[in-house]
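What follows is subunit A paired twice: with subunit B in the first complex and subunit C in the second.
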Partner chain A sequence: MPQLIKYLLLLICLGFGIVSASSDYSEQLLLRPLHPSSLLASFNFQSNASWESFEQQNFRYFPRSLGQILQFANTRELHLRFSLGRWDAENWGARPWGGAREGGTGVELWAWVEADTDEEADGRWLTLTNALSGLFCASLNFIDSTRTTRPVMSFQPSNDHSNATLANLHLLHGTLPREVVCTENLTPFLKLLPCKGKAGISSLLDGHKLFDASWQSMSIDVRPICPEGPGDCQIQITQTIDMVLDIQRSKRPRDNPIPRPVPEHELRCDTTKPYHSGDTCYPLDIAQDENWSMTEIFGHAMKGSCPLMDEGATPVCINVPHARDVFTSGGAVERKDESGFMRCFELAAEQDFEVVLPSQDLPERAPLEQPLLYAERSFTGYGQERGGVQAILTNPSTTEAVDFVYMESLPWFMKVYLHTLKAKINGVDGDVIQEMYYRPAQDRKRGTQLEIRMRIPQNSTVVLNYDFEKAILRYTEYPPDANRGFDIAAAVITIGNVSIRTTSLLLSLPTPDFSMPYNVIILTSTVMALAFGMVFNLLVRRFVGADEAEQWDIRAIRLRLLAQLRTIIGRFKKEQKVVKTE
Partner chain B sequence: MALNNQDASSPTAMREPGEDSTASVHLDADAPKGAVVAATKRKEPPPETLGSIHLRTTVILSFWAIIVFFGLPLWWQTTAIYRADLPLDEMMDWDKGVACRPVFPLRISIEASSLQEHEAQHLLRTTQHALDDLNDFSAHHLRLQLAQPANASTAADGSTTGGLEDEVALTIKVLPGPEQASELQSYSPVLDIYYTPNQVPSSSSSSSPLATYIANQLRTIFAEEQAMIAHLLSTSSAPPERSPKAPPPEVAEALAKWTSRSMKYSPTYHLTFSLFTPTATPSSWDIETAIEEHMKPLLDTLSSISNFTIDTQVQLYASPGVSGALLKKEDLSGFINAAEWPLSPSIGGAPTINFILYAGDMEVEGGGRSWLIPQWGGVVVQANVTDLRPTMLIFSNQLLALLGAPEAGSLPLRLMTLIRVRSAGLLLKASGTLGSLARLTRALPSISIPQSVAEGVYTTIEHLRKACDGLGGKEALRNARIAEEAAEKAFFEKSMVGQVYFPDEHKVAVYLPLLGPIGVPLVMGLLKDFKAWKKRRSAI
Partner chain C sequence: MALLSSGVLLKRDPRLLKLPPYLSFLCIAVGIAWLLLLPLNDYSRRTYISENALLPGQVHTYFAGSDQHVFRGFKHEVDALEGKSNTEVNDKLEEFFKAAGLKVARQKFEYKSAGEVYQGENIYAILHAPRGDATEAIVLVGAWKNVEEEFNRSGVALVLTLARYFKRWSLWSKDIIFLVTPDSRAGPQAWVDAYHDTQSSPAIQPLPLKSGALQGAVVIDYPFNHRFESLHIVYDGINGQLPNLDLFNTVVSIASGQMGIGVTLQRMWNHKDDYRERLQTMLRGMLKQGLGHASGPHSSFIPYHVDAITLQPYGEGWQDEMAMGRVIESTFRSLNNLLEHLHQSFFFYLLMHSGRFVSIGTYLPSAMLVAINFTIMAIYLWVKSGTPNSKSTKVASTMEGKPAPLEVAKAGDAIAILPEEITGVRERELFLPLAVVAGTQFLGVLPLYIFNHTTHSMLSIVFGIFAILNTVLPYFISKSIIDYFGPTTQQYQLIKSFSLLLLGMFLSSLATLNFSLAFLVGLFAAPLTYIQPLPGRPILVTVLSLLINVLAPTAVILAGVFAWELNLGEVLKEAAFGWDIWGMNTQVVVWCVWWPAWL
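Showing the complex of A and B:
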């Protein structure tokens, strides 16, 4: 826990400390090598605008397109997330920014909208999602009432809303777990930045690298801040991009990306293995001492620093032990901090900046923070009708219990049986649920919302179980590629300021054959025609003895047809003869 | 199904024995023995009772009765497309320009306090004559009147009241002076005419140099407006005899340019002022005060026509779509880097007019530093952004041009012309939309027409009528705007589009499986019974 606090403090220094600085714009890149052979790159861009200029729509660092949308939709606070991949908490430790800057797989959006009534809030939410959908080239307009929830315990607004505003704020939350985040979302994201990817750390962002990452998350947060008290308020926009890059994969040349075996002379073998010999090798884990450079990882060097920042700002930091060799290009000033694991660089304005970390054997590693909670979630059950959800939540701490809120927002076609909700602690039924908020689904109108406040004692594992029934959808409600299944949004776990999201799930529903309507028409018609034909014939036909009935002799018909054919042929021949005689 | 073979009511079963024998005789010629034997072995069924024949007929007829009197209407009802009644002829009339004859009667008040009453009357008459002789365009008509003495005092100090402004397009003040001259006041619609004492017309002469002079002056002032309206009418589908003679080519070209560059009319416009910097500096500009000082007064004046909302932005590292320090004329269209510059239109629904200040060192070939992009906005290239006054003046001129105001004349006159031209344009546009809707309705019989479309059409016609009656005033502009909105809404009604693309193949696929198997026994039953009935009749 002390480690965690230290880490959080560090983040606060990096992320929020610059708020009090005089400049209205700041940016920061933190590079942190992760085990095994990965690199976490955290980009953070922050700018402030005075509330008056925002109201008058005089935009300088705050992006105009986003500002207009927020004003038009009366949105006072906005959080938008685009995420891809899975954070490997076992190997990578705690999440960057305490998980506060990430969302579930796909797109996640929550906002505090100012409105007098719920209906008005819904209308403005619709405006907001539609406008953002256009701005970010994402399907945000598909966040309709079935995907929108109003969380009660999980999210809290910023502290700096005025009391009058706070009374009319409505929190709305929507997710699109199916959305595939890609380059078309990054381009509008970069356009919002004052330096636009032309200078500063944003020049390192490249769709090819970002969406090749093992895990990535883009976030936009807009919130009011009042550093000097309620009279002097500002609006703050924070944009972050976090990505975990596979160093080996990134170093492959772009024109030849096929992985190849390491040449024999570069192979480092574990010589302690009994089978080690000239032709057998157990490769050593070389991750920690991986050599890499900015150019290799991001494709090119950084194009100077963004000149909008304060003098003396340090836009690039690397979280490695002080003993590690770090070489930089000229003009950069290195600043090491006291913790022993962090160094930052002050850059020259117009000069390209390059960082090279050579291969090095070091016993020491930058400490990895342990997450407060490990969470995983999966489906149980079998068949096309019944299913279940199991969430395994582990508190790794040996000393402290952990209090948190577990939130699920499920689609309406997952019909949850709440009475089956069971929590087992370390394998036995236990009373860990303290409070629960449940809003049942309504078919085709809204989804299930479930928020559970729990407390897990130290060193314990809680298994949360509940069953659900799969609804059968209407023909037109299936998406294209219906057999792939339906993505179920990630569960959100909120522990104070820290948040954790589980992976999203893939639910397969009974899928019809999509030529069904026509088959149904044909079958029904046939049955109806059969029934009708029988009844009709019974009514209009006359019944006579078997010997009195007209005989249908197939031979007679054949003979008659043959005779007719012969007469026709005969006539034809005769005509021909006539022609010849003429 | 074996019952089918015992069908007694079939026409062949009802054949007379004689007929049967002819058939067998015919067959005898080439058929083997067995077949003939089988045919002759058949025993005739006992004759049917009249009751059972009637019963069968009744059954068949009742089935058909149900189908015709219940099935068909039900099918008709359930598959009918709702088509609200539209006044198609009236709509076409509007489109053809038959329903409304756009006339712009402009009242011009003459204020001649220095002249005697009868002299003034005479001047009025002769000037009106001279005007009528000069005017070849009946839709745009200048009517002179003498100013009321009460109004004269208010007009004298140059500030006309609002009510008067609505009525009178221009006030002419006839003043004695050292020599003949005319002066258009800049900030009020007043034309000062100076005359020398010997020019006062004698009551006997039918024309006077002063009257001709005034008429010529008036004509010069309103020439541009007249040309604009004439151009609008000639490009609409109005009958050609209404339009005046074609303007000279250079005027026609100017008018075509004017049409292509002016924005679509809207009650609200959104103005976006953007500073684009190719590098990191300058990163700020003093836009708030510049707008407050140089833009707000103009916008306040324009508020009688449209409202304006404003936003501003600064964008760094913005490279234009073309490179090089000297911009060629053909480069200008590519200057705006639409892919990278964040110039998305405002989301409020009001059309956005963009004004761009590019803080780079560039010059247009031939010396200019600013240009106008039709229906979009204006661009100024200026490296130094400390003094925004010249830029704002350029932007003001560009705004007026984009709104479609005429180029010459004093500001109040230009604005009033703008109102008249805009209402004429909206009127013609709404009429054209009505015509298109009528043609669409006629061309696509399978399209559904919801009630809301009919309501929109009636609203449009009502407001068009009002606008047409009062053309020239602000009320007409308001009515024309409502009409145009209603017409567009009716034309682009969403539910009308869906039905058009429902192909006939689908209908066949849905109907055939049911109607085929049911229809065949029904029709065959009816035919057989009909034949049997005919046979019975011929037998009697």
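Showing the complex of A and C:
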């Protein structure tokens, strides 16, 4: 099924062609219906800037905010991913862009930083993460040394770095599996685009729809390219948004999103059932209905094309068989691809563009590309002390073996027993591990990094198992909502240019009862107060015998008052005497 | 010096030495009285929701309208499958789940216990959280047959309808797993074991499809066609473990508060919420907890720290299946709100009404007091066995007017001159008592092994033989000990002391794990404290030994079986099943703690 890759490559090449020819900006939306009742929307925005103008801070299509951060942090190549949800490889086939434009759940960032020493690289990485954190409203500043790894086999820099820079490049990789990607990340993302979500395909991007998707991924890649040899280098920024929308869900009106039971007359029943009657219904397959329009799916039609694009560019493509009816509006020109499953539209500027796919009974479907590998990862065991991780990797190909690198970066409190790492191939112990890079964790300093190069023969399943021990954290080290557990970042599987990420995991650690410190504080304070009161009392108070103590009954007061009075009178008399003597 | 001598004198105070038996009796009495006080308003508390995130009953439920037509449709389909084989049923269920757009997988399992084979195939479907990442999941279970082997017709149809209904919502933050097991005992256990990859035998297949950490499980047990009146919640887990009280409270508040459905527990169908009914509910709960067997498919989840309950509609009323569905919908919405694993509320509690409970802090002392009784007596016997048996000589010496031999006691710089006999300690001959106690403890493994490895048909016979042997065995053992070793009174005391010490220790530690079991065993074993050799009174001895035989574990089991009109073989089969499959440890306690102590 490499046909699809071909299309994609074709599209990309098309984009490249345009880029190098005249404009430095291109955008592309690919819509691909997926089974059952889903739609993949792939947005791709690409612009180039020449290296000289970038160095001189002469930004045109390249966003200034990002460019200055990259320059300040000496970052030569940057990859940032925001992802949510899970790609259903069984139904949806291979991932868009071969998985190269997606990350694990949450935020994933890796960059090649130019620095002379490791320490300097760490410093620049810190600058970079903090600056990006502000730019994208994400907690990227929490990527500290415990979450940063330096992968050895999984990631490769772009080919177009100059040799001098290549020698000083440091790859740093960090993930935040717990980060929830949401609208606040989309807004800055759109701001980086030249058309800023006002025109062109980016006008379809709406937080409500994007974050209601079954799966979505936003990515930013900045890398150098040298299309015409090392002399003429450019810096390229590619922003993509991929999302899989549930057609049924997206079609619900925005003011009434609750999936109430449909009215009885709208219920689609199997009337062939013997018991079918007015109040009994065997429901029909909900996945059959696949009519949709752009307005239904994205909430509104596309607001013209981005004027910064070239004339003759085709920003919207739909991957459906040619036999499928597709109606468009707004003076769009349809261009069908000769492969039979792809058509693209050239849009008129300034006019709203709408695509409608009506209900149609069509047996033919655009072919799905089979993924190279199915990967699934889960925890085994139970309890608060130990656990295990099990990764099931299946090579579906009947003819070809697959070589790949499996990378895990685990937090330090998950103490891996490497000796328990075992790979079973089709249920028997097998020697599939070719090479392994392991960097053990240091408590509170850095996490475990594990990279395994493996080869799975055709039509086989490898089960990778290892055990770990759960560390006990200090109570200040727990995040808020500690009883939720800790998210463990997705494992990254790299097969040449294709990459696959597993789902992330939820690790529950022994968690203290956090009301306990509070109780202890209260109790200690009480004891302290009592002790202090006693000691203070002892120090300050004067102790006298009961008979020595001044008595304070009425008689005593009276006597005392009398005495006072007497002294005053006495003094008065004295004064009088003095006066008399004078 | 004064302190020291008074301490030593106190030790010899005859009043003090007489005290422990009364003290230990007082402990038992207070322990039982304490338990009886618990149902009072002053000692129990109203239930409340601890975890604010749950927000039970705060959402509007939409499971109604045309979904009822769908339910009826599925009901017809499920009814048509009655009596079909497990595989045929699962083929059809797979079709239904797949039509709803869910991922379906199956798991075959096979257990062997008491010579019988329990096998079947679980089927489950996973609804992926629309924006989730397979980190957490909640389970909805509908067993094909419930614990009473009734066909769960409405339950399974409801699971199918809800699967379709839940699929429409995009608000799920956790995956939802719909599990249909062929039975209510082995199937759920096999599934949960395999989910955590702890399945013991290769006959239980690993799960081909998995999701994240299980956060909760709700079981529907709705085996009839008609409308129902109230909801019966079953919450006991294996080994007396209980689900988080918050889960229970959530369902209670949703059912009674939001839906207006009454909630009962422990088969107390008409709970009037007076003292008697509360006590009865609590005692039933304790008995169930003490037996520690699975009371529904949910029981298998609880040992894995997955909070689970079974909902059983009962009675004839006007609540229909959709109301049941709405209770589950609302419960799932609440569970879906959970950010953290259920941890806030209580895990150790006794419920006496759907709205009243006592927590561990309040009820634990009663079991502890019963356990302490054994320890007190053990210490008493130890002290007694160590003191010189010299009353007569003492009397004689004072009669003769001779001064008693003196001894110099030193403690730090304090020196006291005391009569020798006060400080004198008799040397204890420890070997025989220790050997006897250790021997009987190890002997406990024997019945444990026998009852878990005989086949079903043989179980009753074996039990009968064992019961008869059991009545003879103590005489035999004591006779042989007397004949071969000729133990002294001191050794008797020591045997008893060690035995009681062990019992007290086991029970007090057990009380923190399974309060009810510890309390029950403690109560049945309490008379053992006061047994002593009574030479020369044969009638009393016979009466006493009869009494003790009545309180023997075997006799109690038999009595329990007759009282509830059960079949002995079935009970033992169940016990063996529990041991083999659920990892139930009630038997360990019975045979390794209680029985040896009784011996």
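The definition used in the following text is that the second predicted complex is superposed on the first by the 463 of 582 C-alpha atoms of A that agree within 3 Å, B and C clash if a C-alpha of one lies under 4 Å from a C-alpha of the other, contacts with A are read in each partner's own complex, and residues count from 1 in each chain.
Note that in this section a contact is a pair of C-beta atoms (placed from the backbone, for glycine too) under 8 Å apart; a residue touches a chain by one contact, two chains touch by 3 or more.
Every value quoted in this text rests on a predicted model; they were computed, and no experiment measured them.
Engineer: Between subunit B and subunit C, whom does A:280 touch in the aligned arrangement: first, second, both, or neither?
Structural biologist: After superposing on A, A:280 lies in contact with subunit C but is clear of subunit B.
Engineer: Using the touch definition from the top, say if A:503 reaches subunit B (first), subunit C (second), both or neither.
Structural biologist: Second partner only.
Engineer: For A:544, select first, second, both or neither according to whether it touches subunit B, subunit C, the two together, or no partner.
Structural biologist: After superposing on A, A:544 lies in contact with subunit B but is clear of subunit C.
Engineer: With both complexes superposed on chain A, which partner does A:307 reach: first (subunit B), second (subunit C), both or neither?
Structural biologist: first
Engineer: In the overlay, answer first, second, both or neither for which of subunit B and subunit C A:409 touches.
Structural biologist: After superposing on A, A:409 lies clear of both subunit B and subunit C.
Engineer: With both complexes overlaid on chain A, does A:175 touch subunit B (first), subunit C (second), both or neither?
Structural biologist: Neither subunit B nor subunit C is touched by A:175.
Engineer: Considering only touches as defined above, state whether A:518 meets subunit B (first), subunit C (second), both or neither.
Structural biologist: first
Engineer: Do subunit B and subunit C land on any of the same subunit A residues, and which?
Structural biologist: none
Engineer: In their complex, what parts of subunit A are in touch with subunit C?
Structural biologist: Interface residues on subunit A, with respect to subunit C: 36-37, 84-86, 88, 90, 105, 211-214, 246, 248-249, 258-264, 266-267, 269-270, 273, 275-276, 279-283, 285-287, 376, 378-382, 388, 390, 481-485, 487, 503-506, 508, 511.
Engineer: Subunit B touches which residues of subunit A in the complex?
Structural biologist: 56-61, 63-65, 67-69, 72, 131, 134-135, 191, 194-196, 198-199, 306-308, 518, 521-522, 524-526, 528-530, 532-533, 536-537, 539-553, 555-556, 559-560, 562-563, 566
Engineer: Quick one: in the complex, what on subunit B touches subunit A?
Structural biologist: Against subunit A, the touching part of subunit B is residues 3-10, 12-13, 26-27, 29-32, 34-35, 38-39, 41-45, 48, 52, 56, 59-60, 63, 272, 280-281, 283-284, 287-288, 309-318, 340, 342, 344, 346-348, 509-510, 513-514, 516-518, 521-522, 525, 529.
Engineer: Quick one: in the complex, what on subunit C touches subunit A?
Structural biologist: 62-70, 72-74, 76-77, 99-101, 103, 128, 130-136, 164-165, 167-170, 196-198, 210, 212-213, 304-305, 339-341, 343
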